[in-house]
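Next come two complexes, and both contain chain A; in the first it sits with chain B, in the second with chain C.
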Partner chain A sequence: MQSYWFGDFTDGRCQPFTGDRGALVSRILSLSTRTDISAIPDWQTAVSCGFCHDRAEYLALLQDACIAAAERSVKEQYSGKDAELLQMVRTLDEIDTVINLLSERATDWYMVRHPAFSRKYRRIPAHTLIRTMQEKSRGALGKVAGEIAQLAETRTALAKEVSARANGVMPNTSALIGGLVAARLMAHAGGLQPLSRLPASAIQVLGARTALFAHIRTRTPSPKHGIIFQHRRVHNAPRGIRGRVARVLSGKLAIAARLDHFRGAADPEFLAKAQEHIDAAGKGGEA
Partner chain B sequence: MIWIGDVLVSRGEGGVYNERMLADARVWDPYRSKLAALYHVGKGVELEPSLKVLYLGAANGTTVSHVADYVEVVYAVEFAPRPMQDLIEVARRRRNVIPIMADATCPETYRPVVEYVDILYQDVAQPDQAAIAVRNSVFLRGGGYLILMLKTRSVDVRKDPTAVFDETLAALENAGFSVLESVWLAPYHQDHAAIVCKKPEIRGE
Partner chain C sequence: MQSYWFGDFTDGRCQPFTGDRGALVSRILSLSTRTDISAIPDWQTAVSCGFCHDRAEYLALLQDACIAAAERSVKEQYSGKDAELLQMVRTLDEIDTVINLLSERATDWYMVRHPAFSRKYRRIPAHTLIRTMQEKSRGALGKVAGEIAQLAETRTALAKEVSARANGVMPNTSALIGGLVAARLMAHAGGLQPLSRLPASAIQVLGARTALFAHIRTRTPSPKHGIIFQHRRVHNAPRGIRGRVARVLSGKLAIAARLDHFRGAADPEFLAKAQEHIDAAGKGGEA
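Showing the complex of A and B:
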């Protein structure tokens, strides 16, 4: 049997497809997964098959079905629960960049207005400084400082949302490393499925691209950790064993990501064992 | 190709991407479109109203919309969902654009819908661009043209672009294509080359 999008050929006889548009779309999508189709369709065959009358109609029907099929594929791609989380994480990181840039600039501006002002030796936290600027500055500078404070608030709310959503979308990974860092890992990999396909060694240095390529090109030491450094068990570990903690943690994260992608539910037994393993690595025990 | 003075244009419904209009025609900017750049620096392939085109790496449908102004039908293949949303919008406004969401490295996934074409146009950011072109040439009729926009940086960033260029030319000739034209797209696009090939006539056709 030879199948075209518009019909099936059996023993030289053609059976045109008669279903509605939705069924035609499903047919096209399912045909695209078959590997036994060798014939390339042409409009004359479609006409002789009785599917359409002329080339114009052939193209119109094909376009209509292909647009619908593409729409359905796009929708499917976005239907994964990780699609929105990914945008949220990237927005969060971008807000951070904006806040840092604006704060730096606003501080410089403020120091011009107040020549006697310096942050040195005063340990003024950034948010206090911003508030002072907001209250003490007239005009645009005060407004900019107000915007920064506003953005910081948005950022806090967004971070909470990211964390909560990550707990739902990737329960195992989040349990090991926290929702926020789990979401960042996912965003760096490009989605939950790509993350689940990464080897542990890649997860370990995800986000340390510059250091990794410097290592590959020249002979600088290899990076020990990327994003996972943000997790307390890595950055609180003594320098000497940080690399080991990162390695053990990323090993468990690779498993967790696969559980999250393929099963989607938390596995308490795995989590308990993994936590124990990671803690042991941090205490200097055998990993 | 339609030129107004030394400006390349195409005739069709405007406003696809806020393109400039010139005497009711859409300006086809060589700095934005590699195909337009090819017509500026080289000869390219004359687009005619009877032609069918398979376009790999359609992206947002910017260049696709210009090609569609010239030819009968464009089968536009794009893999990523974000640009696909734009491409679908272009297809809704143009009767001769057929969007296909598929991976150009797996031509069998769109084999059921794509007919034999006269031009295979490829602009994909992949390391094995020559191999993708060869695999997709099953859709190309004998005597049809392959226009390959070679992104040398996608093949291998560490290699010299000219080396990548030569390797690709050799790979295409090995696959039976005869190279008609190969030019760099500077100053319009850096480290990009255009290669125009002809597929040999198939005997008995």
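Showing the complex of A and C:
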């Protein structure tokens, strides 16, 4: 049987589609994922099938159905539990960028007021410097420093909220690698569904784009970890086995992401076994 | 007479320099702006001149003098009244960037919560949208919106401070084009001294780098104004005479910047005449 949006062909005979608008939209969306349909026949086929009377009606029906399908797609995309989490992670990263930009600028300004001061030479961490500026500087500079300090507070609060929400939206992935890192993985993949479709090897180097492409183009070593390096189990592992830990961990993460997407609930049995495997890899045992 | 850092040659006879360290530094800095010195002779000339005894002493003295000269240059660069103003303008621009980044991100987030909402379609100005978010959104989004609103307040306060300081540092330029735009011109030139060295034509297109280079490389029309477009006298002028107003204005600005740099005080007579000229250009009179 060959199916098109306006009807089904069986042995050359055509059966026009007779459902209502909602059913037509579902049909279009489900057909759009099929790969065995090469080309859609033109309006004359639809007329001879008995779906419509002329070209104008065919086009009007097609336009209406396409707009309805697009509307439903947008709605589904936005109603996903991961949609807001995605925005939260992106905002978190944006706030980090913003804090860096403003801190750099404020440090330059502070150095003009105190020419002998050199941050690099004194190795002062940024947040200490900001606090000093806030306390010691009059006028606009003190206000800007205060603004940076407050942005840092907002950042901390947002990070907590991201972590909490990630525990709800992706319980398995969060249990393995922590809410914040799980949310970052999801954001980098572009959503929970895209993440659940990634192979383990892609999850392993997610966020290491520059290193990955440098590896593909030239002879640099392949990256062993991307975002998952942020998890203590990876970055605390001894250098020699870090790659193995990252590989085992991302294998389990790929399964966890699928569980999260398709089942949506924590699976204690899987989690216990996965933790065991990862621990073993970290101890230099099973790989 | 041929002068080098260690002494002066008159008719082949050498007179070694005998002043103290401070005098030597002043000598080096003033010699460094001379263009008639091609190459500095080596240490043997200095020894035969009687300035020092051997190569080691020559090098030690040279190193000490160079470091002292560099220190004094840095100090002078930073002690300039324009140094802090420069940092303030740059911070102001950075805050603008930051507000835009965060607003865009927050709008995306808000749209996930309210899928039917479209800012472009509704033509809502950014600050109104931020206020709505701040009032209507719970949790992290409301907090981020609040942060943006506060950044906007800091920006306003900083802009006022920049304007007030510009009136003090560059009274003539500020009187012609307003403190904020004057400070922007100064920041783009890299300081008051570099600004005072620019020809009027460069001041006219300062900040229109992209358009200027497009003009030089290809056949696009030359830019008629850069930062000075921000002044009402330019952007309120009728299209046909806007270029002329910009040209006359930047001519007067070039003189004003020189007055500011070398004299540092307002010159009411010059200002009155300049205003008259610019007004005349705006009315379609003298060009």
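Brief remarks on what is shown
As a working rule, the second predicted complex is superposed on the first by the 207 of 287 C-alpha atoms of A that agree within 3 Å, B and C clash if a C-alpha of one lies under 4 Å from a C-alpha of the other, contacts with A are read in each partner's own complex, and residues count from 1 in each chain.
The working rule: a contact is a pair of C-beta atoms (placed from the backbone, for glycine too) under 8 Å apart; a residue touches a chain by one contact, two chains touch by 3 or more.
Keep in mind that what you see is a predicted model, and the values were worked out from it rather than measured.
Of the two partner chains, neither chain B nor chain C is touched by A:N100. Of the two partners chain B and chain C, it is C that touches the larger number of chain A residues.
By the touch criterion defined above, A:P41 lies against chain B but remains apart from chain C after alignment on the C-alpha atoms of chain A. By the touch criterion defined above, A:E84 lies against chain C but remains apart from chain B after alignment on the C-alpha atoms of chain A. Judged by the touch definition given at the top, the superposed model places A:T220 against neither chain B nor chain C. By the touch criterion defined above, A:V74 lies against chain B and chain C together after alignment on the C-alpha atoms of chain A. Once chain A of one complex is fitted onto chain A of the other, the partner contacts of A:S3 are limited to chain B, with no touch recorded for chain C. When the two complexes are laid over each other on chain A, chain A has residues 74, 78 in contact with both chain B and chain C.
On the chain A side of its complex with chain B, the touching residues are 3-5, 28, 31-35, 37-38, 40-43, 59-60, 62-63, 66-67, 69-71, 73-74, 77-78.
On the side of chain C, the complex with chain A involves touching residues 74-75, 78-79, 83-84, 86-88, 90-91, 94-95, 97-98, 101-102, 105-106, 108-109, 111-113, 115, 139-140, 143-144, 147, 150-151, 154, 157-158, 161.
Residues of chain B touching chain A in their complex: 73, 81, 84-85, 87-88, 91-92, 95-102, 108-116, 138-139.
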